[in-house]
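Shared chain: subunit A. Partners: subunit B in the first complex, subunit C in the second.
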Partner chain A sequence: MTPWLRRQRALADYTLSALGRRKGKNISLVVIYALIVFLVASIMMFSSGMRREADLVLSEAPELIVQQLTLGRHELIAGGEVEKLAAIRGVTAAKGRLWGYYYDRLNGANYTVMVPDDPTIKLEQGQAILGEAIPRSRGLSWEGAPLFLSRFEGDLVKFDVVDTLSHDSALVSADLMLITEQDFRDFFGLAPDVYTDISVSIRNEREIATIIAKAEKVMPKARFVTRADISRTYQKLFDWREGLLVTLAIAAILAFGIFAAEKASGLSAEETREIGILKAIGWDTGDVIAMKLWEGALVSVGAFLTGAVAAYVHVFLGGAGLFAPVLKGWSVLYPDFALTPQIDVLQLTTLFLVTVLPYVAATLVPIWRVATGDPDQVMR
Partner chain B sequence: MIFQTPIMALLLVSGLAGLVALWSAWFGLRVLRRWNLADGSREQLEMERQTHLISTLFGFVMLAEALALLLFVYNADRMANLFVGAMCAVGTLNVNEYGFPALYLKVATFFAAAVWLIVDRADRAGRDYPLTRVKYAGIILLAPLILAGGAVELTYFAGLETDVITSCCSKLFTPANEGLSSEVTGLPPALALWLLGGSGLAVALSGAASLWWGRGQMLFAVSGVVLFFVALAAIISIISLYVYDHPNHHCPFCLLQPEHGYYGYVLYLPLFFGTALALGAGVLQVFVGRPSLRDILPARIRKLIGLSMVAFGLFGLATIWAIVSSQLIVFG
Partner chain C sequence: MITLSAVTKLYNEGRPNQMAALDGIDLTVPGDAVTVLTGPSGSGKTTLLSLIGCMARPTSGRVHLNGDMVSGLPESFLTGLRRTTFGFVFQRFNLVRGLSVIENVRLPAVPLGPDHVELTERAMARLEHLGLADKADIPVEYLSGGETQRAAIARALINDAPILIADEPTANLDTVLVNRFLDIVADLRAEGRTVIMTSHDPRIFTASLVDNVVRMVDGRLDTEEAPA
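Up next is the complex of A and B:
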C-alpha cells in the first residue's frame, strides 16, 4: 500500500469512529440528505420509466397518420383518400381507422372506442373487448358480465365482454374499448364511407419525409403526423414535467444546503475541542480538511445510496405513489401498470451532481473555517 | 428547453465553477502582488490559510467539471431523438452554432484543470509552497476559460429549439464537404494508422527514456499531445469504420452509443487521461529545478509518465481490439 492510500485509510477509519461518536446529529443529517436524494431520484426514475414506456408503445404505431382538418380542427376523412395514399410509392399499406371517445355518465370517465386494426382480433356484432380499467371502474367483477352503455336518457346499448386486454399495454389501453366496425358506425351514427383518420405504414423510415411531401400534394388540407413526431412530443412532455418537479425540488435542495452549512459551521464544544487537540498533536490544516472531507464523503455516499435505493423501490416496486398523479397526467381511469426498471449512467451522474454538489459547495467553506483555526484559540 | 434535469445539473456545475473561478482569480491577484512567505504579517498568514480553501474548492469544482464533460457528451447523445434529423450527439450539438464551441471549451477546461490540479499537488508537497505564484497565475488564466465555457454552454442550451432541422453526422463527417471535419475524414486510412503508430512509438520511446534514464520528459509531453490529435484524426478516419463495420460511417460521436457497446468511452477515456497526465508531467518538468522540489518532483513526474503510458497503452489496446474484432476489411 502506498503512503497516500495508507493515510486515506487511516483518515477514513478515524472519521468513521468520530461519526459514530455523534450518532444523533449525523443520523439526522443523513436522513434529511437521503430524503432529498430520494425526492429527486424518484422524479427522475419515474419520468424516465414513462419515456421508455411511451417509446415501447409507439414502436407498434403506424409510421404516419393522416388527419383531415376543417376550421383547424380534426375532421372525419373520406374513404376515397385511402386509395390515393396507398397509391404513393413506398407506402406499404394505408388503412382507414375508426376511433372516438365515449363519455360514460355512470363513472364520469372517457372511454376510447375503437375498431381493431389487427386481423387476429376476432369480434362479432354486439361484442366488445375492454381495457383493464373499464371493468374495474364499472364493477364488472364477474366473468361474462355484459357492459351497458347509455348515450342519452332512455338509451341502452348492450355489449358482451368477450375479453379484457392484458396489463402489458395498460398505459395506452386502460380505457380502450374495441368493437366491430358495424357496431361503431351504429353506435356513433356515422356515415358508411368516412373514417376518423388514416394510418399509413411505410417500409423505409428514411422515405417518410418524401412520402409526406407527395401526399401533401394529393391532400393539401390534411395534417400529417409521424410516429417520430408523437414520440418527440411524449419525450418533451415527460422531460418538461420532470424538469418542473426538479425545479421545485431545487428549493428543497437549497434549504438543505443552508441546513448543511449551518451544521458544518456550528460545531459543538466537544467537536471544537477535538479539532483543537488534533491540531495540538501535530495535524496540520490539510489533514483536518481531509478528515472533514472524508466525513462529507461518507455522509454523502450513505445518503446517496439510501436515497437512490429507496427511490428505486418507490418507483419500480411501489408504483411511485407519491408523484404519479403529477407525472402521469390526470384522468378518471388510471392505468394500473408497473414500470420496467431502468437506470443508466446519465441519470445517476445527473442525480449525483444535482444532490451531492450543492452539499459539497455548502459545507466546504465552513469546513475550511473550522480547520484553519488556531489550536489554542479553538480549545479555549 | 433548459427544463431538463441533466441540463440543469450541467448549468449548476458551470455556475458553481464560474463563481469559484471568479473568487479564486480575485484572490490570485492578491497573491501575485503580495505573496511573501518570509513575511509574518497578518495578511500573509490569512492568505496562506486561504490557499487551503482555494485549493480544495478549485479541486472539487474541477472534478465536477470533468464529470460534467462526460455528462455533456452523454446528454447530447441522449437528446438526439428530440431533434429532427439528429441521430447522435453531432446533431444535438449542431442545433445552433454554440454547441461545438461549448464542447471544445469544456475539453480545454478539462485539460487545463487537470494540469492545474497536478501542479497544485506538487506545490503542496514542497515545504515552502514554491509554485504558489505559478498556480494563481494559472487560475487567473483559467478563470476566463471557465467563465466563457459556462456562458457559451448557457447560450447553447437556451437556444435549443426542437423544431430546428439539424444535420446528421453522416453529413458532417464525409470527405465530400469542405472544412476541418471533412479534411480529417478524407485522411487516407493507411496514412492515419501509420501516423498513429508513429506517434505511439514516439510516446513509448520518450516515455521509456524518461523512466529509465530520467530524460526526455518534455519530449514525452509533446508526443503525448501529438498522439492525442493524431488519435482523434485516426478515430474519425479509420478506427470508427472498424467499430461500425461500415466503410463509410466516420462519426466520432456515434461511437458513444449503446448500439456500439459504448466503445467510444473505451477509446476516449484512456486517451484523455493519458494526455492530461502527459501534459501535467511536461508542466512539472519545467519546475524540476526549484530547490524545495528537487527531491520530490522527479519521482512524481516518473509516476505521472508511467500512469500516462498505461493509459495510452489501454487506448492502443482498444484500438487494436477494434481492428482485430471487426468484420470490416479495409486493406487487402
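Up next is the complex of A and C:
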C-alpha cells in the first residue's frame, strides 16, 4: 500500500470513529439525506422506465393513423376512404379501425373498447378480451366470469371473457376491451360502413412525410397522426407528471439544503476545539480538510447509495407503490406491471452531483476557516 | 537547544484590547535537560511554551531550534516540527472525547499514514509502559485524572518526539500522582528526551530532576534571585 493510500486509510479510519461518537445525529442526517435521494431517484427511475415502456409498446403500433375531423373534432370516417389510402404508393396496408369509450358506472372507469386488427386474435360474437385492469376493478376474480355492461337503465349486454391481455403491454392496454366488429357496431349502434379512424402501415418510415403529403390531397379534412407523434404525446405526459413530482421533491431538497447549511455554517464549540487539538498535535490544515472531506463523503455517498439502491428496489422490484397513482395510468384504472430494470447512468450521475457535491462543499468552508487558525488557541 | 532572542508576543495587535503577553524575552533552553517555566497566572508561561513548541509565531524577535531559525517558517513547516520534534501535553490534556484511549494515542501519527498494525503495536507499547494497557479500548472520558494525564503523555510520545512540552501537567493532581509524573519524567530523561514544562507547583519546580527553572512575571523573565 502506498503512503498516500495508507494516509487516506488512516484518515478514513479516524473519521469513522469520530462519526460514531455522534451516532444519533449522524444517523438522522444520513436517513434524511437518503430519503431525499430515494424520493428523487425513484421519480427519475420510474419516469424513464415508463418512457421506455411506452416506446416499447408503440413500436408495434401502425406508422400512421388517419382521423376525420369535423369542426375541429374527431369524426367517424367513411369506409371508402380506406381504399383511397391503400392505393397510395408506399402504403403496405390501410385498415379501418373501430374503437370508442365506454363509461362503466359501476366502478366509475372509462374502458377503451376496440375491434382488434391483429388477425391472430380470434374472437367470436359475444366474446371479449380484457385489459388486465378491467377484471381487477370489476372483481371478476374467477376464470370464465362473464362481463356485463349496461349502456342505459334496464340494458344489459353480456360478454364472455376469453382472455386477459398480458402485463407486458399494460401501460396502454390496462383499460382495453377487445370485441368483434359486429359486437362493436351493435353495442355502439354504429352504421356498417364507418370507422373510428384508419391505420396505415408504411413500408419505409422515411417516406411518411411524402405519404402524408399525398394523403392530404386525397383527404384534405383529415388529421394525420404518426407513431412519433403518439410517442411524443406520451413523453410529454410523463414529463409533465415527473415535473409535478420533482416540484414536490425540490421542496424536500430545499428543506434539506437549509438543514445541511445550518450544520455546515456553524461548527459546534466541540468540533472547533477538536480541530484545534488536531492541529496542535501535528495535523496540518490539509489533513483536517482531508479528514472532513472523508466525513462529508462517508455521509453523503453513504446516503446517496442507500437512497439510490432503495429507489431501485422500490421502482423495479416493488412496483413503485408510492408514485404509481400519479405517474402511470388514467384516473381509475391503473395498470399493474413491472418495469424493466434499467439504470440511466447520466441521470444518476446528475443526481449524485446535485446532492453530494453541494453538501461536501458546504461543510468544507467553515472547516477551512477554523483549520487555518493558530493551533495555540487550545493552549489558552 | 532552543534560543529565543528579543521575543515579543502581542495578542489583538492594533486593537484597543491589545495585550503584550511576552515582552523582550532572551532565553536559552538547553537540550537534554528538564526545564520548568514558572510564575504566577498571567505571567506568560503558556505563551512562551507555545512559541517554543512552534504552535505560534512571535510578533517580533526570533526563535532558533538547534541553530535553525524557526520563527519565520511557514505554517506547514511548523506543523512538520510539531509532528516530529515536539510532543505536547496540554493543561487540560485535550484528549478527544468519545474516542478510545488507543485511538487518541494514535492520533498524532494518523496524517503520516503509518502501517496500522505497527502503529497500534507502538501505541500499545507506550500505554503498557505507562501502565494503561488495560484501558486502551475505553473512551477517554471514563479515565481518572492521573490516567488521563498518562494517556496524554502516551499521545505526545507516539511519534517518538525528542522534546516533550507539558503545560501545567500536574494541575489538580494529588501528591501520589505528582510523584508518579516525576517518575515518568525521569524515565523520559533516561531515554534522552528533553522536557520543557510550565508549572507553578513547587512539587515540580523544586524536584531534584529539574535542571533549569525559568521564573516569569508580567511577560518578562524574573531575573531577581528567588528567596532561599
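Assume the second predicted complex is superposed on the first by the 356 of 380 C-alpha atoms of A that agree within 3 Å, B and C clash if a C-alpha of one lies under 4 Å from a C-alpha of the other, contacts with A are read in each partner's own complex, and residues count from 1 in each chain.
What we mean here is this: a residue touches a chain if its C-beta (ideal position, glycine included) is under 8 Å from a C-beta of that chain, and two chains touch if they have at least 3 such contacts.
All values reported here derive from a predicted model rather than from experimental measurement.
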(request) Figure out whether A:N110 sits in contact with subunit B (first) or subunit C (second), or with both, or with neither. (result) neither
(request) Kindly classify A:T92 by the partners it touches after superposition: subunit B alone (first), subunit C alone (second), both, or neither? (result) neither
(request) In the overlay, answer first, second, both or neither for which of subunit B and subunit C A:A361 touches. (result) first
(message) Output check: A:T285 vs subunit B and subunit C. Expected answer is one of first, second, both, neither. What do you get?
(response) both
(message) Contact-wise, after the overlay, does A:R7 reach subunit B, subunit C, both or neither (first, second, both, neither)?
(response) second
(message) Once chain A of both complexes is superposed, is A:S201 in touch with subunit B (first), subunit C (second), both, or neither?
(response) neither
(message) On subunit A, which stretch or stretches are contacted by subunit B in one complex as well as by subunit C in the other?
(response) 285
(message) If we count contacts the way the header does, which residues on subunit C are in touch with subunit A in the complex?
(response) 46-47, 49-50, 55-56, 75-76, 79, 82-84, 88, 90-91, 94, 96-100, 103, 107-116, 119, 155-156, 159, 167
(request) Show which residues of subunit A lie in contact with subunit B when the two form their complex. (result) 40, 43-44, 228, 231-232, 235-236, 239-240, 242-244, 246-247, 250, 285-286, 289, 293, 345-346, 349-350, 352-354, 357-358, 360-361, 364-365, 367-368, 371-372
(message) Looking at the complex, which residues from subunit B come into contact with subunit A?
(response) 2-6, 8-10, 12-13, 16, 49, 52-53, 56-57, 60, 64, 67-68, 70-71, 74-75, 78, 81-82, 84, 124, 162
(request) Using the touch rule from the top, collect the residues of subunit A that touch subunit C in their complex. (result) 3-11, 13-14, 17-18, 20-22, 270, 273-274, 277-285, 287, 374-376, 378-380
